[in-house]
Amino acid sequence: MSRIGVFVCWCGSNIAGTVDVEKVREEAAKIPGVVSALDYKYMCSDPGQNSLRNIIKEKNLTGIVLAACSPHMHENTFRKAAAKEGLNPYFVEIANIREQVSWVHEDKERATAKAVDLMKMMVEKVKRDRPIEDVRVPLNKKALVIGGGIAGIQAALDIANGGVEVILVEKEPSIGGRMIQLDETFPTLDCSSCIMTPKMVEANQHPNIKLYTYSEVEDISGYIGNFKVKIKKKARSVVEKDCTGCGECWNACPMHKNVKSEFNVNLSERTAIYVPFPQAVPLVPVLDRSVCLHFKKGGKCQKCYDACGPKCINFDLQDEIIEETVGAIVASTGYDLMDTSMYGEYGYGKYKDVISGLQFERLLSASGPTEGVIKRPSDGKTPQTIVFVQCVGSRDPEKGVPYCSKVCCMYTAKHAKLFAHKVHGSQSYVFYIDIRSTSKGYEEFVRGTMEQDGAIYLRGRVSKIYEDEGKLIVKGADTLSGNQVEIAADMVVLATGVIPKKGSDKLAQMLGISYDKYGFFTESHPKLRPAESSTAGIFLAGMAQGPRDIPESVVSGSAAASKILGLFSKNEYEVEGTIANVNEATCVACFYCQRVCAYNAISKKEIKDRSGKLIKVVANVNPGLCTGCGACVNACFSKSIDVKGFMDDQIYAEIKALAV
Amino acid sequence: MEDKDVKKEEHKAPKHGGDNSSDPRIIAFVCNWCTYSGADLAGTSRMKYSDNVRVIKLPCTGRIDPLFIVEAFKKGAKGVLVSGCHPGDCHYTSGNYHSRRKYATFRDLLGYLGVDLDRVEFSWVSASEGNKWVSIINEFTDKIKSLPGKSTDIFTKK
Amino acid sequence: MKTVINEQNRRNFAAQVESMLHDKLAKCYQCGKCSAGCPVNFEMDYTPNQIIKMTELGMEDKVLNSKTIWLCVSCNTCSTRCPKGFEVTGIMDVLREIAEKKGVTSKVEKEVQMFHEVFLDNVKSNGRIFELELVGKYKLKTRHLFRDMFLAPKMLEKGKLKMHGEKIADLNQIAKIFKDFE
Amino acid sequence: MKLAYYPGCSLKGTSFEYEVSLLKILEAMNIEIKEIPDWNCCGASAAHSINHNLSVALPARNLAIAEKDGYESVLAPCAACSNRLKNAAYELKNDDILKKKITDSLEMPYDSEMSINNMLEFLIGTVGKDKIKSMVKKPLSGLKVASYYGCLLVRPPKVMQFDDPENPVTMDELVALTGAEPVDYSFKTECCGAINSLSKPDVVMALTGNVLYDIKKHGADLVVVACPLCHSNLDVRQREIERKYDEKLGLPVLFITELLGLSFGIDPKDLAIDGHMVAADRVLKKIEGLANQR
């Protein structure tokens, strides 16, 4: 039998001024099961709380209702007070008679009637409350970082420096990501490799970081605190621990033509056994079996093997699967550039001197294919006039993507600037629609490109590029002067937009995190939880979340790291107990609940008898992942799932209490 | 719920806030994160609005079983409002989409049961939209008052 | 160059264009790619993107009297390359049609307009185009009697200009189509 | 194969060479087509320029007649006609209200399923590369041919659904089948100014001039087209353009059907090549010379 206490708060005159609190108390006392009803000036004050605690004790209450302010104000206060008297804190319900009654209505009689209704609803609800225990999940204090670009490296270093072990997985042969491909960085013009290489080395040498390059995450299962990860370490054909990175092998490789260097974005060639760039970390080559003569021509060629001093080349190495258990994950898989050959009118792929922004970075870079001298891919001549075209693929819902890629305005300004610095007397033209330069020092940087470095900016898009007598004729518009313009250029650089890394949608599915229609990972809350994914224990960093620049990527890496260190500062992860609960006896295993769950919190559970024979399969809620939203409850056909604290019978009782 | 209860209540004299079209009972099912907070904001801003509404709080509109709406009408409500986060803003990622989709299919059934569909309303009220909450409640109350009284009796139609 | 925007007129004109175009003017974000690729932009008084903006602003007189709408050759380069998929060519058709319906005769490009009118007259009376008659009537109307005349003898010699036109049998139906849709 | 033929006005007038050569090569290939009875003008650019509904209604009559006669596809060799027919079919398919108005006016049903082929679609798709290749008796190897597509064949792409709107290749493929060498150049799909030929001759000459000089610069012996409007601008106005820009062009402009006919070994006279304003004699001699070398 319920023993309910009702406490009506005056909130000074805030409630009592409009609601007849005594009447509410009197009505409460009439309800069957209510053994105590009281009104008091300030329930949240110490005396108020003390009387509440005393009555719980005295009357041995099984539940309490506070007719007071919004639960968003003091629900926790009263729950704690109740808990101190040994009452389950979830046996506290609040009837919101301030924000929803006294502050918004004026007629005292009608306001009082409404207050009584709300109080009755909560009495009916609290009668049906079941004890709820908060859930505690043990934590494996080890983190996995997927993607070794600047965001991932930053996250790994911060976590490792916080004393936690990190596994850093990178798909490519070296860490460094996109940033190491860049030349100088806006707006300070620091050399990218000068600031990036030390970080890469630090990550490689850090005692708390275990680095897997040329490796991919194959499978992930589990939940916060307890993710089981399978990592595929692809066969490198080189024994890492023995390799000295001397370079004899790639110098000996006969395949030095016809294989385009991915790192130099097809502007140079590489060998079959190669390091993507001289500062690669680790400095251990990879043998690309898809082009290696040894593998293509039946084992005849072994020039690299012969050249190798420590004999660390092993053609028989196989892919390896490594299993790890981690408590938290950072997904920082980065981005790709859009394929601009879909713009037939721009001739990318047809005209050699129409190149992408990333290709221009490689031409600028001292470690690039031209050792930092800007040369045309077609004839090696230094261009005097370059036209830069912004928003290629970005802001183009027809052929590309509707969003803004954010970094192109700035990198184009940087390109024009560096071009002016490197080629004296040269001229650059920039076609733009809008200039977005909103971070510290960015606007000044763009202005400098125009005012000091003489780049001419034209407001408009380019419609066509074609070749005429060795020049690229760029047909564009300047909408400010209202003119169609034609510029004869030596080279055209397309500021290609960014898209999520290929395969990031697959990874997201594997991780059970949500992603938008482009494949960018979605944050748990766009403003307040920008570092968290929709799944507990999985955090996001870098461009995998959407276009952003280097400082923002670094910040997001650190943010993810600090979230993980915060999580790992305790031994257990605590979750509010108001989560979904399955009635295994009635579950028919249709798994509609699984389909609607946005958190991947529902899995299949096999129930076996003592001999191990499978009796039935039922839905199982993972308390580490469930947020208690209740979507599954509605999806359930057999009424076998419910959310604690919001059970069906409670809600029907609330409705019933309102019957007229 | 049990029909017995319903019958019993039908014999009761109409209470205040009761069973007549000039003073209709309106039940609002709202989510905890957006609309409930929006209503709180209306309160802290001391905005005044019609007092016919009674709010039932749920974690998310995705938790709202369409049968709650039927039950509300069975228990004498003259109007039912469902309000949650704006599309794309759901605290639980996609709960409001589920509820919207569910309602889209459930609407016909409500109509079949004889519920005047003008008496059910879906809206989005964010935590910052206290004023929107007020105008929705006022407009919806006015609308319900202007409707003929009998059309929520879901047992009249076979 | 100053325009005082009258909200009612602006709405009316923009709404009329949008309903005929089945597209939203607000879709255009003025990147200028249409103007960049337009083959006849060099002769126009307003660039295509300006026409779109002016229509949105309700500058009806300027738009309907512009050279641009009559110079447009409907080559569709603009619409094909438009990143927003806006019907740039379509809006030119719509504006010409409005001008035609409102009886706005282009002061500067009346010849193009007249050619279209003479052409449709020719279709109306024959069901098909009789080129010699088309050219003759057009020249009479525009009084450009001698322009391109030097081409005629050789074209006649080559057999390119037929002396007799063909008429279709069911001219009634053509007449009905014109009656219903003109 | 049951294929309706919609010649359009130009093929019966200024561009009679196109029809003559088309019928000739079809005869050689044993392919039969039937003219749509009592067809009417598609309204060309004039209709869509000043009256949208008319621009759908006029072609609709032809489509409805073809449908009534049991055809499922139409060949419209004129690029302008095929463009207007495709546009009308597209509108009829997507605008039910307009469709109802039009079918009511025509007092004929139309079920919106007619497939419309331009000349290139017909040759590559319906006739097929193998068939054409087998017909080539006199390969034109050594001849450099520029294919000019203009606007109407490829744009707007969502309606035309034909080839790449920026870099079309179908006509080049046909050229290659004849043994000639396709010439790549920049202005394949630039507009010649078509509809304003009579009303704005200066503009048209500027646009056509751009195309012709670019073709010349890329070393073509001749140009092939699949559009009477392109043909008349490139061919009829060529002398004038030469005078205006004071630079010789001398580029014969042939219809693709004529080029195919030549490679099939058909007498140039039967293909009405002498009907063009720019004489093709030099090119024809070159072809003969090439044939004799072998």
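The first chain written gets the first letter, and so on, giving A, B, C and D; residue counts start at 1 in each chain.
The rule is short, and it goes like this: a contact is a pair of C-beta atoms (placed from the backbone, for glycine too) under 8 Å apart; a residue touches a chain by one contact, two chains touch by 3 or more.
A quick note: this is a predicted structure, and the numbers were derived from the prediction, not measured.
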Chains in simultaneous contact with subunit C and subunit D: A
Comparison of A-C and A-D (more C-beta pairs in contact): A-C
Taking each chain's C-alpha mean as its centre, the one farthest from subunit C: B
Distance from the mean Cα position of subunit C to that of subunit A, given in whole angstrom: 52
Centre distance in Å when subunit B and subunit D are each reduced to the mean of their C-alpha atoms: 65
Distance from subunit C to subunit B - Cα centre to Cα centre, in angstrom: 55
For subunit C, residues contacting two or more additional chains: 42, 77
Numbers and ranges of subunit A residues touching at least 2 other chains: 345
Pairs of chains satisfying the touch condition: A-B, A-C, A-D, C-D
Residue numbers on subunit B that touch subunit A, as the complex places them: 1, 5, 9, 14-19, 25, 27, 36-37, 39-40, 42-44, 46-49, 51, 54-60, 62-65, 68, 71-72, 75-77, 91-95, 98-99, 102, 134
Sites on subunit D touched by subunit C in the complex: 9-10, 12-16, 38-41, 43-54, 57-58, 61, 101, 105-106, 151, 154-157, 165, 189-191, 193-196, 198-201, 203, 206-207, 236, 274-277
In the complex, subunit A residues that touch subunit B: 70-72, 96, 98-101, 103-107, 109-111, 113-114, 117-118, 121, 514, 522, 524-525, 534, 578, 596, 598-599, 627-631, 633-635, 643, 646, 648, 651-652, 654-656, 658-660
Subunit A-facing residues of subunit C, complex: 29-38, 41-42, 46-47, 49-50, 77, 81-85
Contact footprint of subunit C on subunit A as seen in their complex: 345, 391, 395-400, 433, 459-464, 475-479, 482-485
